[in-house]
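All chains are identified by letter, namely A, B and C, in their written order; residue positions are counted from 1 within each chain.
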Amino acid sequence: MSDHSRTLSEIAAALGGELQGNGQLRIRQVAPLERAGEAEIGFVAHAKYRKGLETTQAAALILPRSLADAWSGPRIVVDDPYLYFARVSQLLNPPPAVVRGIHPSAVVLSPVPASASIGALAYVGENCSIAEGVVVGPGCVIEQGVTIGEATWLHSRVVIKSDCVLGRECILHSGVVIGTDGFGIARRKDGSWEKIPQIGRVVIGDCVEIGANTCIDRGALDDTLIGNGVKLDNLIQIGHNCQVGDNTAMAAMSGIAGSTKIGKRVLVGGASGVAGHIEIADDIVLSAHSSVTKSLTEKAVYTSVIPVQPHIEWARNAVQVKHLDAMADRIKQLEKRLNELELKEGEKNE
Amino acid sequence: MSDHSRTLSEIAAALGGELQGNGQLRIRQVAPLERAGEAEIGFVAHAKYRKGLETTQAAALILPRSLADAWSGPRIVVDDPYLYFARVSQLLNPPPAVVRGIHPSAVVLSPVPASASIGALAYVGENCSIAEGVVVGPGCVIEQGVTIGEATWLHSRVVIKSDCVLGRECILHSGVVIGTDGFGIARRKDGSWEKIPQIGRVVIGDCVEIGANTCIDRGALDDTLIGNGVKLDNLIQIGHNCQVGDNTAMAAMSGIAGSTKIGKRVLVGGASGVAGHIEIADDIVLSAHSSVTKSLTEKAVYTSVIPVQPHIEWARNAVQVKHLDAMADRIKQLEKRLNELELKEGEKNE
Amino acid sequence: MSDHSRTLSEIAAALGGELQGNGQLRIRQVAPLERAGEAEIGFVAHAKYRKGLETTQAAALILPRSLADAWSGPRIVVDDPYLYFARVSQLLNPPPAVVRGIHPSAVVLSPVPASASIGALAYVGENCSIAEGVVVGPGCVIEQGVTIGEATWLHSRVVIKSDCVLGRECILHSGVVIGTDGFGIARRKDGSWEKIPQIGRVVIGDCVEIGANTCIDRGALDDTLIGNGVKLDNLIQIGHNCQVGDNTAMAAMSGIAGSTKIGKRVLVGGASGVAGHIEIADDIVLSAHSSVTKSLTEKAVYTSVIPVQPHIEWARNAVQVKHLDAMADRIKQLEKRLNELELKEGEKNE
């Protein structure tokens, strides 16, 4: 591994923040507070984690202003330590150098700029537009007519189906499948199915990151649209004709059924699901393992997860879920009868 | 793109329906009602969507009989507009032409008919039976002894494990994995696991479509069976020894645990799950995000999804889920006490 | 297929158990009790399944001690028939022979022992350590610096990202992705995201089996750790920095969010989810479709699945879920009012 270490002064010069202490200290790596040691920089995100300061062996720390004086070692004081830590880590851990050019084992049927890299055993079909600095990892399949923007990085074994469009500086992880047919079928009278050709594309903005084995379906008639800065974790499903707004982030195993429109900066918890043909407004937060069946228009946190109980207790409660409507009726009935009794009681006392 | 346009007369001649208006009108593409324009045909599935007729700019429409006279433009009147639209779209959007033959970068160890296409960097093992017109996309891996029926299309990067069988006219999308080992393990006394060899196959019928990154496990002893006309969306899991009946359709992220038998024409909503070793009868509908733990024998729609609420409200309600059994007890107790009070009250009034 | 048949005596000599009846009987295959026939051995796991003994046509059986005399045919009597059956099946169904050496179409940049097998169109990057007897299936991508232990088997189209470590005798099924970046992002003031480099690795123990299209993310700072003997089914997600203890088994479509620590011998049901930054103690069992949001320290079975009901009934009950807190209030109110009435009633009778 090559040396990407920086002095604290160099870090502060590059990223800002208020340097306190020995700026000549050389930092090699970021590390968690509890195990950071020589040449490593840790961080404390919030004052509530200040306890860790007592025992840390970190060579240097990134601290919020509220803790500027709570630790005496070399430190950089900033507004948002977590964000700053991300940037320091980027500085110390740049992406690995890539061998430019086309690997001899790749099959490439479109022109590729000299600054791009096409990995071993990758396939690039005809009529693709591959921009400067694009990296196509080993074993990828890029079908005909695909457009890939500048410096976008496809890790190994990604599939991009025909005519889809990726913006610049995207990262697609291994196993991602972009642009396969949406689930479009029309039922025949006998119960069998007629396939509806999926003639839309997937159009992905800039700076989008897509996790391993995630799938985004092409549109049935219109395109499926993924905005700028969208971050998708692993094993996510985005149905045909969906629109996902800028900077929305979705955790692993979440899914959006077809033709649904997700706003900007929405946070979708893991394994949560959103029904088709609805809208989720900007800035909404969905908790993990939640189900959305109707449009949400108010900015808020929404939840429907039911946490586990010991099975024996759960079994007794789960049975009652099936009687909730009856329970509500019984309560109403009780209230009515009690009202009557109280009325009689009152009359007697008059 | 080549021209697959048709006149309205040609469409009606090929697919039936009652043509009204200028049959010489040339139709290039299908489009949604609200943005269909020149040379494009839209459709209205139901009379309840008739409002769209007032503003559509479509060159022609597919209409149900109930709306035959609700629009004066060129139209084809049919019994089932959605199904008809699917067929028109197929007519105007045939699958792309495929280069027949074996790409020089592919590794092919079985005989392949001249009408078949084996894509770049694909692998076909020994003793496979590849029928006429089969398409194996770039990067696919077909292991030894696999049988693939006529005109079945494997998109890029599909895996078919040894000895599995695919019928004719199937479509398998990118990332599909057919026939890996089921989850068969036996526990040793010390808590570690012994693997149970999975010696069954996956046998798939005709006209089956399987979505991206979906997995179907091979049987432990017997075969896993997928009927004719089954449609599976993306990221679905079918456990070992399952049987899925003809024309059943499952939406994305749904899963069927091992040895379960799903009937014919069952509709499985997205992200729903079915336990192992049970049976789901023909024509049952499971709503999205539902869990089935016991066999279902009655044809009906079944649901168990709990839709989201604002988190603050949800938190209060979720706590009570854990006390449902106690709530039921308290209601019963209230009823008993109230009965007694009412009885006393009644006695006094006698 | 080559002949791996054994006589009953050979089986008992290899695996133990008490042989009763003709030891010269040659057994070709294991089979389910109800269809086992000539040269096939079945098993009965528990006395409760003894009914099957009346009609089975099996040539031989594996029986628990409690049924030793319940069937008169050739049999092997053992403590744990299911475990024994697994071992018999292994004996009769050894993994297929693999062609040693590097397929000419593979791209291999690291030294590989002569006993290893690198399949067609596979890629192995630089600085990898490949042990004796390793099998890398067709289309796999092994990035630089990966370590793979003795006799570990990667089925076709597996991805191992840089610097990850696999122990010995592991089995990774097709589509598995090990070591892609965890979902590490820090929010900028404008709502967009800064990527946090994921500089940990994935370190996997010995005898681990990982199902098709399952993803395990590399750690953000520390490593993601998978213990010895862990068994993961298909389409599972393991987040960054997770630790999964020895011999834990997880069924398909389950997911563990980042930094969570799962104990040893934990059983995780299908499609269940565990939140991030929590701990699940040894030997805990999570039912299918359950959600864990807090640490679980007591060994028990935990559940939160709500089984389906017919939709019409469900709709009435689901509405009440939203009013549970109000229902609890109404019950409390009723109890209070009833107490008062009863008190008054009591006073009158004094």
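Please note the rule applied: a contact is a pair of C-beta atoms (placed from the backbone, for glycine too) under 8 Å apart; a residue touches a chain by one contact, two chains touch by 3 or more.
All values reported here derive from a predicted model rather than from experimental measurement.
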item: Equivalent-chain rotation between subunit B and subunit A, CA atoms, steps of 5 degrees; value: 120
item: Copies subunit A and subunit C touch via same or different residues, half shared test; value: different
item: Inter-centroid spacing, subunit C versus subunit A (mean Cα positions, whole Å); value: 25
item: Residue numbers of subunit C (touch at least two other chains); value: 105, 121, 139, 157, 175, 213, 235, 253, 305-307, 309, 321, 323-324, 327, 331, 334, 338, 341
item: Touching residues on subunit C, where the partner in the complex is subunit B; value: 29-32, 35, 80, 82-83, 85-87, 89-90, 92-93, 96, 103, 105, 119-121, 137-139, 155-157, 171, 173-175, 207, 209, 211-213, 229, 231, 233-235, 246-247, 249, 251-253, 264-265, 270-271, 283, 288-289, 305-312, 314-315, 318, 321-325, 327-328, 331, 334-335, 338, 341-342, 345
item: Of subunit B, residues touching subunit C in the complex; value: 105, 107, 121, 123, 139, 141, 143, 157, 159, 161-162, 175, 177, 180-181, 183-189, 191-197, 199, 213, 215, 217, 221-222, 235, 237, 239, 253, 255, 257, 273, 275, 285-287, 290-294, 296, 298, 300-307, 309, 313, 316-317, 319-321, 323-324, 327, 330-331, 334, 337-338, 341, 344
